[in-house]
Amino acid sequence: MRISVQDGAFDFAAQARAFAADAAGMGAIVTFTGVVRDLDGGGLEAMEIEHYPGMTEKAISAIAQEARTRWALGDVLVIHRHGRLVPGEQIMMVATAAPHRGDAFAAAEFLMDYLKSRAPFWKREITAAGAHWVDATDADEAALKRW
Amino acid sequence: MRISVQDGAFDFAAQARAFAADAAGMGAIVTFTGVVRDLDGGGLEAMEIEHYPGMTEKAISAIAQEARTRWALGDVLVIHRHGRLVPGEQIMMVATAAPHRGDAFAAAEFLMDYLKSRAPFWKREITAAGAHWVDATDADEAALKRW
Amino acid sequence: MDILYFAWVRERIGVPSERIETDAATVAGLVEELRAREDRYAAAFADLGALRVALDQELGDFDAPLAGVREVAFFPPMTGG
Amino acid sequence: MDILYFAWVRERIGVPSERIETDAATVAGLVEELRAREDRYAAAFADLGALRVALDQELGDFDAPLAGVREVAFFPPMTGG
């Protein structure tokens, strides 16, 4: 299990390659990558991500451990950036390896749902008009109910 | 949308990198990679995958098109090998790009469930004791019911 | 009409494909004709519940009509992915 | 006790953290003390439903006891991923 909270960029494909290479005996590997997307009407200059150093790593570790108790997993990787990102940059990724595809998919979705609402990150959108904290959505909170 | 049915190996990470690079404006990228796994008791020498040339590409295209009508997707990639593979080799991959993570995950799982049971591939396990056609499972058939 | 066989169906019948003349109206009628030919066909088609059929490379049913069909394939349930 | 603020809570209060002395028994008691200090605290803590709290870096509730706690953080609902 590897968890990295970092301000620098990561190479999603290189991380996926290394993760897959280490996943001996696993039949299924799922990756998710989140990318900074422009606003629907355009105009996003940057996304700034604030976090709670110390708690962030602990919270993600707890979420990943929980995933390991719920599904038969070989390995888990979580990388999440903080700081200033521009549209098109990769914010975060998760990867899961499991003997069977159902477990790999479920764990990856579980990790994403929990990272969205239970890891201490806060996003702020920067446009020409100013800065705006992104609101948590009811849909993201509701997504936790299914687990 | 790209679909490749091939006997040669593919470079999962390079494919994932190219797919992500082309997915402009997408917020979520999901990849699934299937790997030949040894039998639970060991002893798998090879997995031979037979397919139905011509129909295979059509069937996968139809599945991918169906995914595009069900979810808001930016792009879809499916690579599936046939021929003789040894444990640890990657059999196939799918990748989906979407504005939102729910669509990317759902489409990737849908593609996998349909590829398992509706694309004309047949797996044969080769061990020292002989060759054995892999049986389709009730679980794989049942997985289609949720869509 | 081209008839194709895959996986253990191909192994039981002994050839991957063959061209036949048939007046059968449906896939089921074609299966009856094939079964009557030789034991290896009877063995391959013993349990239709264990078989799938494609007509011109589209999955179909055993009661599907054969009119206009050029290629019929028989195979066990698929195991891709 | 170290008190940390994140996102718009930090912006409203104007500092990312501060050390305070408190006899409050619970998080809610601490919030009452802070609200009484200055308008900027009253503004930040106007709607507890819009806030989350962590005690020693674990998510907690507003009625959680403060005994033994060294670090309390207030912030809006998280938006990671």
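Note that the chains are named A, B, C and D in the order they appear, and that numbering of residues resets to 1 at the start of each chain.
To be clear about the criterion, a residue touches a chain if its C-beta (ideal position, glycine included) is under 8 Å from a C-beta of that chain, and two chains touch if they have at least 3 such contacts.
As the structure is a computational prediction, the values presented were derived from the model and not from experiment.
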{"item": "Touching chain B and also chain C, the following chains", "value": "none"}
{"item": "Chain labels contacting chain B and also chain D", "value": "A"}
{"item": "Centre-to-centre distance between chain C and chain A (centres being mean Cα positions), rounded to whole Å", "value": "48"}
{"item": "Geometric centre distance via CA averages, chain D-chain C, whole Å", "value": "71"}
{"item": "Whole-Å gap between the CA centroids of chain A and chain D", "value": "26"}
{"item": "Chain B, residues touching no fewer than two other chains", "value": "34, 101, 112"}
{"item": "Contacts with two or more other chains, residues of chain D listed in rising order", "value": "81"}
{"item": "Interchain contacts, given as pairs of chains that touch", "value": "A-B, A-D, B-C"}
{"item": "Contact set on chain A toward chain B in their complex", "value": "12-14, 16-17, 20, 23-38, 88, 90, 99, 101-102, 104-105, 108-109, 112, 143"}
{"item": "Chain D partner contacts - residues on chain A that touch it in the complex", "value": "34, 50, 52, 54-55, 58-59, 80, 91-92, 112, 115-124, 133-136, 140-141"}
{"item": "Footprint of chain A on chain D - complex, ascending", "value": "4, 6-8, 10, 54, 57-59, 73, 75-81"}
